[in-house]
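As written, the chains take the letters A, B, C, D, E and F, and residue 1 is the first residue of each chain.
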Amino acid sequence: MSRELPLDLPLERLDRYMGARDSYSEARAVLFGIPMDFTTSYRPGTRFGPGRIREASYGLEEFSYHQEASLEEVAFCDLGDVAVVFGDPRTTLDRALQVARRVVADGKLPFVLGGEHLVTLPVVQALLERYPDLVLLQFDAHADLREEYLGNPLSHACVMRRCLEAGVRPGHLFQFGIRSGTREEYDFGRRHCRLYPHEVLGPLRKVLSELEGRPVYVTVDIDVMDPAYAPGTGTPEPGGVSSREMLAAIHAMRGLNVVGFDVVEVAPNLDPSDRTVVLGALLIREALLAFAR
Amino acid sequence: MSRELPLDLPLERLDRYMGARDSYSEARAVLFGIPMDFTTSYRPGTRFGPGRIREASYGLEEFSYHQEASLEEVAFCDLGDVAVVFGDPRTTLDRALQVARRVVADGKLPFVLGGEHLVTLPVVQALLERYPDLVLLQFDAHADLREEYLGNPLSHACVMRRCLEAGVRPGHLFQFGIRSGTREEYDFGRRHCRLYPHEVLGPLRKVLSELEGRPVYVTVDIDVMDPAYAPGTGTPEPGGVSSREMLAAIHAMRGLNVVGFDVVEVAPNLDPSDRTVVLGALLIREALLAFAR
Amino acid sequence: MSRELPLDLPLERLDRYMGARDSYSEARAVLFGIPMDFTTSYRPGTRFGPGRIREASYGLEEFSYHQEASLEEVAFCDLGDVAVVFGDPRTTLDRALQVARRVVADGKLPFVLGGEHLVTLPVVQALLERYPDLVLLQFDAHADLREEYLGNPLSHACVMRRCLEAGVRPGHLFQFGIRSGTREEYDFGRRHCRLYPHEVLGPLRKVLSELEGRPVYVTVDIDVMDPAYAPGTGTPEPGGVSSREMLAAIHAMRGLNVVGFDVVEVAPNLDPSDRTVVLGALLIREALLAFAR
Amino acid sequence: MSRELPLDLPLERLDRYMGARDSYSEARAVLFGIPMDFTTSYRPGTRFGPGRIREASYGLEEFSYHQEASLEEVAFCDLGDVAVVFGDPRTTLDRALQVARRVVADGKLPFVLGGEHLVTLPVVQALLERYPDLVLLQFDAHADLREEYLGNPLSHACVMRRCLEAGVRPGHLFQFGIRSGTREEYDFGRRHCRLYPHEVLGPLRKVLSELEGRPVYVTVDIDVMDPAYAPGTGTPEPGGVSSREMLAAIHAMRGLNVVGFDVVEVAPNLDPSDRTVVLGALLIREALLAFAR
Amino acid sequence: MSRELPLDLPLERLDRYMGARDSYSEARAVLFGIPMDFTTSYRPGTRFGPGRIREASYGLEEFSYHQEASLEEVAFCDLGDVAVVFGDPRTTLDRALQVARRVVADGKLPFVLGGEHLVTLPVVQALLERYPDLVLLQFDAHADLREEYLGNPLSHACVMRRCLEAGVRPGHLFQFGIRSGTREEYDFGRRHCRLYPHEVLGPLRKVLSELEGRPVYVTVDIDVMDPAYAPGTGTPEPGGVSSREMLAAIHAMRGLNVVGFDVVEVAPNLDPSDRTVVLGALLIREALLAFAR
Amino acid sequence: MSRELPLDLPLERLDRYMGARDSYSEARAVLFGIPMDFTTSYRPGTRFGPGRIREASYGLEEFSYHQEASLEEVAFCDLGDVAVVFGDPRTTLDRALQVARRVVADGKLPFVLGGEHLVTLPVVQALLERYPDLVLLQFDAHADLREEYLGNPLSHACVMRRCLEAGVRPGHLFQFGIRSGTREEYDFGRRHCRLYPHEVLGPLRKVLSELEGRPVYVTVDIDVMDPAYAPGTGTPEPGGVSSREMLAAIHAMRGLNVVGFDVVEVAPNLDPSDRTVVLGALLIREALLAFAR
């Protein structure tokens, strides 16, 4: 836990993920939040995600029984949040791009706390500049492959389509757990993506060998979970995976060359039990231990 | 999505399930709600079920990844709700019977949104008039086979007993997932019904062949689900099925001659995450695609 | 209450404000919602305002003990909602303008259900085309007079500034109940507006005589209320007026030439008791009776 | 506070209002609950009223700063709740009548915890048998004078009409704070009752002198309060009284011959802050001190 | 259901678990609550556990479909709650010890409703006086083996360490489902306890034979469940067991010599759906049937 | 608003009250939180007060329409929170005393965010060392003058008694708004304190002249407000003051020599509308402007 001691007094400020102690220059993994939910279609609230995930992280331990390892073994820092402009997705994403670019340029791993899924776009853009053959592993209930949503191309329902346009190559987008979309998205996914509907752990294990050594970005839309496990999200879709399965998926990717990670679409206001933010915090801890040690 | 355009203006009214576009005469499946919760014993609120399920339906897609089919292939309409009389179950059920009778008489499939489980009774009564050998498939945590509940025979805890009295023949009631009841209900179920406690998908698959071609009514009491998946219900009973299993159960019945369907006991006020109404809306979409295409 | 009877059956659909029965052509007052909350700065949710206000209206009576009059004496209709584009305030406001223009062109009174306060802008624009000397009576906790908010000029924190730019003349904006803003807004308000901080009923009564006969638009930001009376709003500001005082304010304006009315910034998701939407519904009823009889 | 010590062990059971210590035979005031909400029209939940009011009473002191007196000076007991039959208002009211009759016959004062407003009926019936000239003081937002509600005469919206039919004489029903009803109820109230719309304390003080010495029953529908003060109720009606005013009203009646008292329509499920049940508990304490010392 | 009939009237008081009817002297199993949450580190609220679990028990049946047996076959009573001293864990635990000692001395089985996990300590202390070789079966997400928590040795995060110091012998503490703790706790558990991380049913079945005939105490920290199944707990830890698995675990222990049982860390205020208290009530019913028949 | 720019990037961290920008050495007023609720008797949760009040402060403006002044004119800093030891009030209060002593020794004004009311004790102790004739102005619903509460002298229900023992002189404690307590507290207050039950603004104005020039500490227990205005508190007591009255009380004290200030007993978890924390944040802004400019 973070324990600043201004004036040598018994004071503390619990404002960084798990009390992140490392400086930016020391850090290998760099966390930052993008608290934006301006294009959310059904129920807003993911703007509160980064703050509440940090808060929940203080209820967790730094040591993982899963990986028998401690966050003390990971050099990471927490930069705070991108300053959003309410109602202006374009400017907000530009700012996020600025931050992501700098982190990637400095050879560090971006770990992003959403916000709506659109926040994945600038991070992927920044990474593509360094890794043109970037592989995208998307864990999600929704395909997010629409050309536009109600006339708006810059919507969270289109983010993967925008990532493809930004340079992710054909066949480089792997979709796991997808169970909702239009017929067009389904057909598009079948043709241009590696689509694994409904399932997560099984298909992931099958493709691990072909991913070895390639630069991989992992994006976890929390609604890939069954809403029983993650009710705090804008567009819950029953029939998803369990916490155990998602944790196992993170662990399964341990050997990969993961160059960035995000957890998005956590809407704390929709879950009075706070277990969705706790899960978000836990996924990040496990990802830090798995990908940034 | 429904987009009425009065005056050729960009206006919409989202008041029908999934924007149901077909007229009554065109429709093969006819939805209506019975927003009644007057005999609920523990926690009321299912009166809000039909309205909130419709609302939640706008967060879903018309295309199903499960069945690779779209609601555009189904002719269905949504009649709105039976006008209930608060505190008067008998009159309310009479009105529901009037509506159900007409729908059945016109050769259409009733798709009912509850409301407490008692609303199944008038629909079954209407169907028995046409199909005297109707088979009832009940997915439920509770047996609902009491002779009376605290002296009241017209209680949601007695609805299956009343259905049997209304003419469902011995051995024609199949109960799946039951895990709560009195000793009397247990014994009665063992003797007069096809009782499959706790389990759903396994026993269902075993009986499918003997159901072929027979007229089948499917009633889903949402509390058949584990409360993790459907917390918004009056009398949750831990130890139930998952969303995946229940969806698979709907899909398993695809070949049957289903002549009516309901989802009951959804109490939105008990689930601030709204995932219970989302699940209700999803089960109806899958049922429309499976039984009414 | 609205009682449609398709097929002569005891069915109903409760989807119009107070069961609005009149057609557009008959109506003197025309209700429509603008369920937009894309520039909300603190806590979103006003997108749910119009739907929930309609719902709550069914818990009210058509007869007002306050005015000893019934809605039966008012010709009004409810058009539903403007079709919003999530994340795109500009297009959404254009659509709202289209609707408002038509309503005003047809000589009817627009009654608007917000949505964030920005939705007042297109309605005022439409009215200015007909009434260049339009007077704006703003009931609000916030001045909403910023030049821009975090770099964004099209924010709900700037709506009154935009209305002035759209043509509301100097001294034609009356602000009641204002108790929050920047020093710049305070100075601007003192110079260019008729600013009555904190108070509502007292100053309103004083200016009534000079408003006589002039075309008046009334906009009620629900946060003019003390949060005790209207907790369901994004940026509550303690120290506001009571329900009794606000109702009295509506009644005090009865003799004025009110040409339009809105209630905005109702965020139902922030008030589990639903009393904010009930208050919204009640203010609209009283306004219909006071201004559109 | 109640501190039973079975086995001389440090145990307690907090299940009686304020730890009521007196036996039935010693008691002058007799509390009991009628946890029924079967005819509630808008939002149910008053069935949880009696239990939660008792619970909240343990957060209060026995000593009143208002009256400078302590509950130790009042002999009262708490009988628990009438055993309701879910979905059967008639049988439930019969049982309540049985209890009320016995309490009245034994010369004790009934203090009733609702439940919906219909529970006032059996208590008034029992009292009329002893006091044919009973005066009814109703504090309420709604007139409750309908002939029937949606065809049902036994509805909480009709309870005062039923009380009049049960024998309360013309002019013996005083209504304070009423601000909602149909035109028919308004006219009926004007003709047959002493109707004081909106106001409570002012008119009450005016009629006190003519009430002196007469047997008076006081029924407080919690929705007489503005919803700011009592959000936990099924049909909130903005524009009501404050807690201070209602407390002052109780104190103003101190000299009257109050022969019975109830607090009804408290729906704890609609108020996560629990201040409505706290207010209910406080009104009962003040009423015990004012009327039963 | 419990139906006291004071005065031969239709009254009831629902204040004992499942309407416990037996007297203390008749009872084999003795329930009592310890509503204490004073050392809770993250989110308090378990003080409300015992009361709400009792309340929820009235929504269950006395007959178990799982065990085909009824509570009528078990002699049990419910003593109410230990009188806690807010803010003083030491005195409160002393009082709990007094009660537990008496129950154990009288040859009865203590069934305890927490409260925070610290309440297990006095019960174990009382049992150790009678069974020095007591075996502790802990179902929990957290190891609770800290030497101290933030300098406080008497914290719920240290309770198992304190139990070991109180006399539970090396190797006599079996931990199931543990998935969170410090590295020190992990190492300590590996060395001094029978640690089975993550899993419950599998390892339990493996050790059953070596437990035969030995005196066993079963403590269920509700957070052993995945938060999907039990969100109402202070420190939820995703990745836990399902309701079905936990019920099966209770059933698996049926043949053991269980001398005491508790369910702790249920915080009803964190679960608006109430399914956590329902699960708590159900686990107790199944435990009574499995261990106290 | 606080806008740190690490790395010259558009980042921000919103973790200090109103973005407090001054350093400790520059500051005249020093904010810190004491997030402790270990002796709370009814409903816990004030531990979340300081964090949520800071969060809510970002929804406010720095400029006050009430005082026509801006926080830019006040030099203040925010130290974060005292590091509490869960379940150990004594150690926690010792730590708070350490912090308060240092702040007072440096000639600065402590502004404290509670936490339960007990946190006032160490601040008063620290101030008494410098101002032996300190005057205490307590705004509160409860007397807090008990000798002990359920045997515990270190309870929030005893804090004013402990302050008197710590050295506040007879007649130096002024109590405003008190409306709950035992008879003993009432008598003690009448004898040894300046007790003004129920009222706030009236009596305050009367005593202002005798307070001139004397060192004054102001403690605001948020439950002095009517629960309508501040539902988020552990022991709400209906009949309190409005937001307007409490704001006016702060403004009335503007000329006094206020040497310290606190807002306590804010329990955010009990108020889903967040208006209690908004009010807390607003009272602190007004107090900073009134007492520390």
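The definition used in the following text is that a contact is a pair of C-beta atoms (placed from the backbone, for glycine too) under 8 Å apart; a residue touches a chain by one contact, two chains touch by 3 or more.
This one's a predicted model, so the numbers in the text were calculated from it and none came from an experiment.
A.B. asks: In this assembly, which chains make contact with subunit C and also with subunit D?
C.D. replies: Neighbours common to subunit C and subunit D are B, F.
A.B. asks: Looking at C-alpha means, what's the farthest chain from subunit E?
C.D. replies: Comparing chain centres, C lies farthest from subunit E.
A.B. asks: What is the size of the turn, to the nearest 5°, that moves the C-alpha atoms of subunit B onto the matching ones in subunit E?
C.D. replies: About 120 degrees of rotation relates the two copies.
A.B. asks: In whole angstrom, what separates the CA-based centres of subunit B and subunit D?
C.D. replies: 39
A.B. asks: How far is the middle of subunit A from the middle of subunit B, if each middle is the mean of its Cα atoms, in Å?
C.D. replies: Roughly 37 Å separates the two chain centres.
A.B. asks: Give me the residues of subunit F that touch two or more other chains.
C.D. replies: 41, 43, 83, 226, 228, 272
A.B. asks: So with touch defined the way it is at the top, what topology do the chains form here? Options are line, ring, star, complete, other.
C.D. replies: Other.
A.B. asks: Can you identify all of the chain pairs that touch?
C.D. replies: So, checking each combination of chains, I get A-B, A-C, A-E, A-F, B-C, B-D, B-E, C-D, C-F, D-E, D-F, E-F as the touching pairs.
A.B. asks: For a test of understanding, state which residues of subunit E touch subunit B in their complex under the given definition.
C.D. replies: 58-63, 65-66, 68, 70, 226, 228-229, 242-244, 247, 272-275, 278-279, 282
A.B. asks: Going by the contact rule set out above, which residues of subunit C touch subunit F in the complex?
C.D. replies: 41-43, 178-183, 186, 197-198, 226-229, 231-232, 235-240, 270-272
A.B. asks: Under the touch definition given earlier, write down the residues of subunit D that touch subunit E in their complex.
C.D. replies: 3-4, 6-7, 9-15, 24, 32, 51, 55, 79-83, 95, 98-99, 102, 272
A.B. asks: Once bound in the complex, which stretches of subunit D touch subunit B?
C.D. replies: 37-41, 43-45, 47, 83-89, 91, 149-152, 154-155, 269
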